[in-house]
Structure formats: structure tokens, C-alpha cells
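Have a look at this one.
By written order: A, B, C and D. Residues from 1 in each chain.
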Amino acid sequence: MAWARDEIAGRIAADIPDGWVVNIGVGIPTLVPEFIPSEREVLFQSENGILGMVALGPDGSPDPEMIDAGKRPIAIRPGGSFFESSLSFSMIRGGHIDLGIVGALQISRAGDIANWRTDEKMIGGIGGAADVCSGVRNLWVAMLHTTDTGESKLMMECGYPLTAIGVVDRVYSDLAILERDGVTWHVIATAPDVDLAEVRRATGFPIESGDEQ
Amino acid sequence: MDKREGISYALHSIDDGMKVAVGGFGGAGFPESLVSALEKTGKKDLVIVSNNAARFEGLITSGAVSKIICSFPFGGASSTLRAAIVDAGVELQLLPQGTFAECLRSAGSGLGGVLTRVGIGTAFAEGRQIINVNGTDFLLEPPLAVDVALIHAEQADRWGNLSMRGTARNFNVAMAMAAAKTIAEANEVLEIGQISPDRCDVPGIFVDSVVGPRSTLESEDL
Amino acid sequence: MDKREGISYALHSIDDGMKVAVGGFGGAGFPESLVSALEKTGKKDLVIVSNNAARFEGLITSGAVSKIICSFPFGGASSTLRAAIVDAGVELQLLPQGTFAECLRSAGSGLGGVLTRVGIGTAFAEGRQIINVNGTDFLLEPPLAVDVALIHAEQADRWGNLSMRGTARNFNVAMAMAAAKTIAEANEVLEIGQISPDRCDVPGIFVDSVVGPRSTLESEDL
Amino acid sequence: MAWARDEIAGRIAADIPDGWVVNIGVGIPTLVPEFIPSEREVLFQSENGILGMVALGPDGSPDPEMIDAGKRPIAIRPGGSFFESSLSFSMIRGGHIDLGIVGALQISRAGDIANWRTDEKMIGGIGGAADVCSGVRNLWVAMLHTTDTGESKLMMECGYPLTAIGVVDRVYSDLAILERDGVTWHVIATAPDVDLAEVRRATGFPIESGDEQ
């Protein structure tokens, strides 16, 4: 049985060490913070100028000057800080962020990522995606393994416009957790009742048989 | 030295064809009074420099905008805005958000542009000069200077010192630096000395006009 | 997450030959406890990156320094320091002060260097690549990354958030950004939440070790 | 009778308009602030990170964290601000400072300035001088017209290592106030009992006879 979106987020949260600073993109990544164990200190950065953002509690009243990169109302935890955009991207590009968690449309064998538009002609926005994907120390992708029509999003070469090249370290999909070393991919874990053969069928590039569990 | 101005007077410095930066990320730090007053001026051929295009539908549909330089024009749902941009023939120039912010800062800092790895190997590298520094290739993105910046602050004083709140800083700081003329609207205009020298997000040197809260605008207007 | 460390333990991360940035302009914001503890470690071949050389006479005369990268090594009166630098065969590299600060920030920001007009037509242009951007020539100065930064703050918390006072900010902020490891000494170490998110001069993300005031150092030492 | 150092500073102060932001170097320039009329709002910037610095009053106690670029204790006026060095030089290089007032060893006809060392081999420091001279909107030089040995400091070409090229707008010397337009120099004023002929004798490049007073 494939992992649900919540379960993907939970698997990611379980793997984030204490003390890491994490930038999270839209989609499944936004679900990650709620699965961080309360005793673990993980700081979430949002590129619009906040370190230490937390969900607005049920009693919190939204403040128009307090939003995340997805423009949702948020709050700040004690020990957090506010800053302007150029410093925010100094953090991101400068390798100061331990981890970025993003969604993706396509991932290539060499770790390229396409996650901002499907078509050269479509009007779309890159936002901070290219900076985050290029700049963070570790980039983990949270995504469904295949499209609605069953095609793999993990392929030899991306067809969509690229966001950044050679940057993806891990993929957390509904089927498996994969890790990249150059052009070599290993399976770290598979979803319950999903076997390596199924992951391989759903993946457009070879996967090593070595260290899967 | 008194930089307080009525909103109409302050906006007189915007001419047709100018490059106008507008601060804000979503609604946070967005200079709403200034943009809504700008809509009424009937300017033409403006180049809007702002992270997002969503709040310029009024300007776009009235034909005031020829080009938008941004990182994220709109999310998936903005179909009327999308259509308005296409209908009005507005040119869109996209920059990665960090490059966008840094190019503004670069212009305001008297530097020659930004050398970044972001966009290498992608469409954002097209037409860019590649500069090799100690064996590594970087894209050169020129500085993004603007004629006028419209920005938002929580507090201002008559020298143009600004203090901001929460995530409202965003592009407002770099835009104040990048503009030949910076017009700041503030929720509150304080006396000199009420903004702590340790808590001044934008020193007044970067600000040319201070426009007070909406309620005081009419009487102050010149 | 607790970045508080004893001073000796924190300085273990400095190895012979490393590039060590030291904050401060004159005595303001100078990390005196860290530098005086560094003098006792017997390190060799250090490259000191600091605006001024005047406070490193102890390190220089003990032979710990092979090179100093700075903007203003000393004023006219420092004849003993001058002699010490010559005697010890210390190499001096001068950068204009703004270029020095911006090169540190550039390294900490993941950028490829600084394009500046400062130094054009002077000795500071020698050996530099000239980059033409839209018809204007700029000098390219590469980023100035360092192994370790020793900086000073008024207040710190255990996550490394720092708050500074007066003109003590100076190079401390850019050096914290530029270093693989940043060690901050603070006059006061506060609880998490006591440094306001609006008054945090250096977010903790740029800081790796927090060393408390001198009086608490001995007992904390590991 | 030539102007004394105080008088040079006073002449400069008289010419600074209300509302200007001014960076002042060491030497005669440090005397300028005390001659600014009290009703005129002029803000002094120091490149080590302060806008709005003022002299420490007789009752003020020196604070080690409050110094100017000459490392003298100072205070801040209401409406001033503190900032870190890279932002300080953004102000300076970015043309946000209305005026820089500096000393000089030599000035050339084309407006080049040499003010940081006399000898290629001498160990010396550039500090913020190159940034200030290159970046400010107006650069005024406060200096004695000639050296101790009577040689002019205003010459066709500087002999000492340059700080910046083509940047000097005005010279306030003990003999005269001179203004540059390209390679053309005009006399704005001469010191009492100093005539144009004396200024010309003391100057190594031609001075226009047009608009002197």
C-alpha cells in the first residue's frame, strides 16, 4: 500500500535531525512541521523573511504582516527572527540552510529538478524555487512517484523547464524513499506492500539493488 | 528637513514610462494606499518591478503597465489577471526571487551586478554573460535600478527613518536602496528620535518622501 | 540545540594555516576574549582577516600569523607593530574597506564576487579582472570566504541569535555570514526568546558557537 | 592672510545645505561639524556604521562601542541609526551620501586624488578612503595648498598612489576655494589679502580667470 501524503510528510519529519534549519516549499512539504516531535528543535525558514515560523494556533488571530511563502498566516516561535529578502536569500544561496523540502514535476537521474512549469509558453512564476533548489545543503523532494496518467516523474532527462541541475539528494514518494549518489540511486525504504520491482517499474532510470530494506 | 508629503504630491514624481518598484510579498508590506492612488493618476507605459503581479490588476486593465519584472507573477488561480496581462500585451520578465532581491540591492549599493549560480543550466541563463571566478561559472545579472520605489513601513519619522514589522520587510528594504526616489507609506508617523537607532530597518538616507496613514492623507495633500 | 561552548573548546576548531576573520573596528565590536585566548593556543600560519592589524601584535610577534587581509593595518603611530610585521615576514593584502566588507558578504551569500568601481584607475585594479556591464567597467574582486570567524555581540542566546550595540556591528555581521564556523563572544547570554525577532542583528543560522562573558568562561570550559 | 584650519572648516560648513548627509574624513574635515549652524539639519555618516553621529559632549562618558572612523568616542543624535559595514558602504558607493569631505596629499587637474600614502613601498592603509572618494555625490577636499617645503599639492598629475580618479569637485585650501568642471578650475573665493596671482603661483595647473571674486 502506497504512502499517503501525510505519511510521506511523517517519513520526512522523522529524518530531520535536531537543530536543522529547513526551508519548505508548497504542497506536501507544508505538512512536514506538524510531524516534527515536540522535543526536537527544528527551525523553519521562509524566504519572505522569517526564521522560526510556526503554524498559527487555533486561538491565533491572523496578522496581515505575518505570512509564509505560500501567503498563509503564520506565527513566530521564541528565538525566531525577521529579516529582509536579500539577507533571506543570502541564507539560502550561501549554504546556510541545512535542508530544503520541495515538490517536483520531474526529477532526472543526474538530480536535475523541474518544478515550476510544464510548458515553455505557459505564464508561470519561478519564485524562490531556483534559489532554494540550488542553494540548500540537502534537497529532499516530496512527490508522488507518477503522474495522474501513470507516467514516472523520475526519468533519465527532464522534459519540462529545469529549476536547477544536479541538486536532488533524496526523493520521498508515495512508493519509496530514494537517495542519489551521482547518477546512482539507492532505495532507502519502500512503502508497505510495495516491493523493489514495483518501484523500478514506476521509475524511469535504473535503481541499484544494493542497500534497499 | 521634512520628507512628509501628501500622497498626490509625492506621486507627481512618477512620469509615464518610468520604472516603478513596489514592495510587499503578498499583502505583507504592500503599499496599498500608494498603489491605489497611482491607479488614479492615469500614467502610461510603467514598468512595474514587484515580486508578484497579483495586486496590479487595476493598473494593468487600465493600460498603465507595459512591462512587469517579477519572480512570481501569480499563482494558478488568477485566471482573470492572466488574461488581463495577455490582453494588455504586458511583457513579463522573470527573475529567480533571490536574484531579483540581490539585483535591487546591487543597484542601490553602487555595484555592477550579481554573480550567481542560481539558474545555471536552465532557461534563466539564456542571454546572460557567464563569468568564471576561480574556476566556477556564475551568471552575471545586471543591477536593477528603478526610478521610483513605493514601499510600506509600520513606522516612519520626518527624516524617512523606517521601522517594519514581521514579514513586511521583504523587498521594501532593497527597493528603497535601488530607487532614485523612494516614497514610503507608514501606518504611523512619529517624532524624530522615536525610532530607536538600533531598530531602524531603513535609515532615512534611502527615503525621499514619507506619506502618513490614510486618515491623515487628505488634509495633508498639497 | 545548544551552541554555548567553553572558549577553549570553541577554539579547537582552529587549525594551523586557517583563514580566521576577526570582527571589530578599533575596539568597538572586537572579540577581545577570543583573540586573547587564541594567542595562547600556539597556532601557526594563520591568515588573519580583519579591518585593522593593531590588535594582533601578540599573535604577530609570537609568529602565529603568515598573512593579514585588511583595509587599514594601522595608523601612523604604530611603529612597533609595523616593525613586528616586517620582522615576522607577514604578508599584507589591502582591500578598500567597502570591498573588504562586501567580499565577506558575497562569500556568505553564495555569490561569485563583487563588481565595484572602487579602485578603478588605481593600484587596487592591478591583477583584477575587469568586467564590462552595460558599458561600464567594474573590477571583479572574488568572494572572501573564511574558515573561522571570531566576532563580538552584546547579547546572545543558545541558538546563536545575536544582538549588537552602537557601532559594534561593523564587520561582525558579514564575517558571521562568510565563515564555515562562527564563534561569537557575548557580554550577556540570554534565554531563548529574550532577543526580539525584530532586533536580531545576526540570526542564529550564521553562528556555530556562543561563548559567554569572561567571568563565566572558566567554569564552562570543557 | 591665509585661512587657518578652523577657518577652512568654517567655510566648508557654511556651504553645506540643510538636509545633506555628509561623510567626513580625518584631519581638517573633523572640524566641520562644530561650524554647522544649529538650526541646520546636517547628518554626519561614519563608515563604521552610524548615521547621525555627533561629538561626545563635555558631560558625555565615552562608550567603547560608540566610536567614529577615526576611533574617537562619539554620540548619536535623535533620528540617527546604526548599521553594519556592508550596508554602510552601500550608502557610500551607491551615491546616497550627498557629500564627502576628505583631506588630500595631492590633487590632479583631472580631479584625481591621492590621499592614502606617499610611497609605493610604505606600509599604509586605504581604509574607506577609496570608497568614499569614488562613491559620494560631491567630493570636497580640505587641505593646505602647498607642502611644508612649498610645493603645490595641486598638480597636473599626481605622483603618489591614487585613491580615485576624476572625483574631486571642490578644494577648500588655506589660500582659496576652487571648483572643478572637467579639467577647468574656477576660483570661488580667495582668502583675505590673497590674490588670484598668488593662488596661481601656488597651483600646479591653470586656473580660469573668469568668475573669481
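Here is the rule we use: a residue touches a chain if its C-beta (ideal position, glycine included) is under 8 Å from a C-beta of that chain, and two chains touch if they have at least 3 such contacts.
As the structure is a prediction and not an experimental result, all values here were calculated from the model.
A.B. asks: What is the graph distance from subunit A to subunit D, where chains are linked when they touch?
C.D. replies: The fewest steps needed to get from subunit A to subunit D is 2.
A.B. asks: Have a look at A-B versus B-D and report the one with more C-beta pairs in contact.
C.D. replies: A-B
A.B. asks: How big is the gap, in whole Å, between where the Cα atoms of subunit A centre and where those of subunit C centre?
C.D. replies: 34
A.B. asks: Counting only Cα atoms for the centres, state how far subunit C is from subunit D in Å.
C.D. replies: Between these chains, centre-to-centre, one finds 29 Å.
A.B. asks: Multi-chain contacts only, two chains or more: what residues does subunit A have there?
C.D. replies: In subunit A, the residues touching two or more other chains are 50, 76, 82-83, 89, 92-93, 135.
A.B. asks: Going by the contact rule already set, what residues in subunit B reach two or more other chains?
C.D. replies: In subunit B, the residues touching two or more other chains are 102, 105, 109-111, 116-117, 165, 198.
A.B. asks: Could you classify the connectivity of these chains, where an edge means two chains touch, as line, ring, star, complete or other?
C.D. replies: other
A.B. asks: Which two-chain combinations qualify as touching?
C.D. replies: Those chain pairs satisfying the definition are A-B, A-C, B-C, B-D, C-D.
A.B. asks: Where on subunit D is subunit C touching in the complex?
C.D. replies: By the definition above, subunit D touches subunit C via 46-50, 63-69, 71, 76, 82-86, 88-89, 92-93, 112, 120, 123-131, 134-135, 161-166.
A.B. asks: Which part of subunit C faces subunit B closely enough to touch in the complex?
C.D. replies: Contacts found on subunit C: 102, 106, 109-117, 131, 133-134, 136, 138, 140, 142-143, 165, 198-199.
A.B. asks: Using the touch definition up top, name the residues of subunit C that touch subunit D in the complex.
C.D. replies: Subunit C reaches subunit D through residues 25-29, 52, 70-75, 82, 85-86, 92, 94-99, 101-102, 104-105, 116-124, 154, 164-174, 201.
A.B. asks: Enumerate the contact residues on subunit C facing subunit A in the complex.
C.D. replies: Touch list, subunit C to subunit A: 1, 105, 107-111, 157, 159, 161, 177, 192-193, 195, 197-198, 200, 203-206.
A.B. asks: Touching residues of subunit D toward subunit B in the complex: what are they?
C.D. replies: Counting only subunit D, the residues touching subunit B are 18-19, 21, 41, 43, 45, 50-52, 76, 78-83, 89-97, 135.
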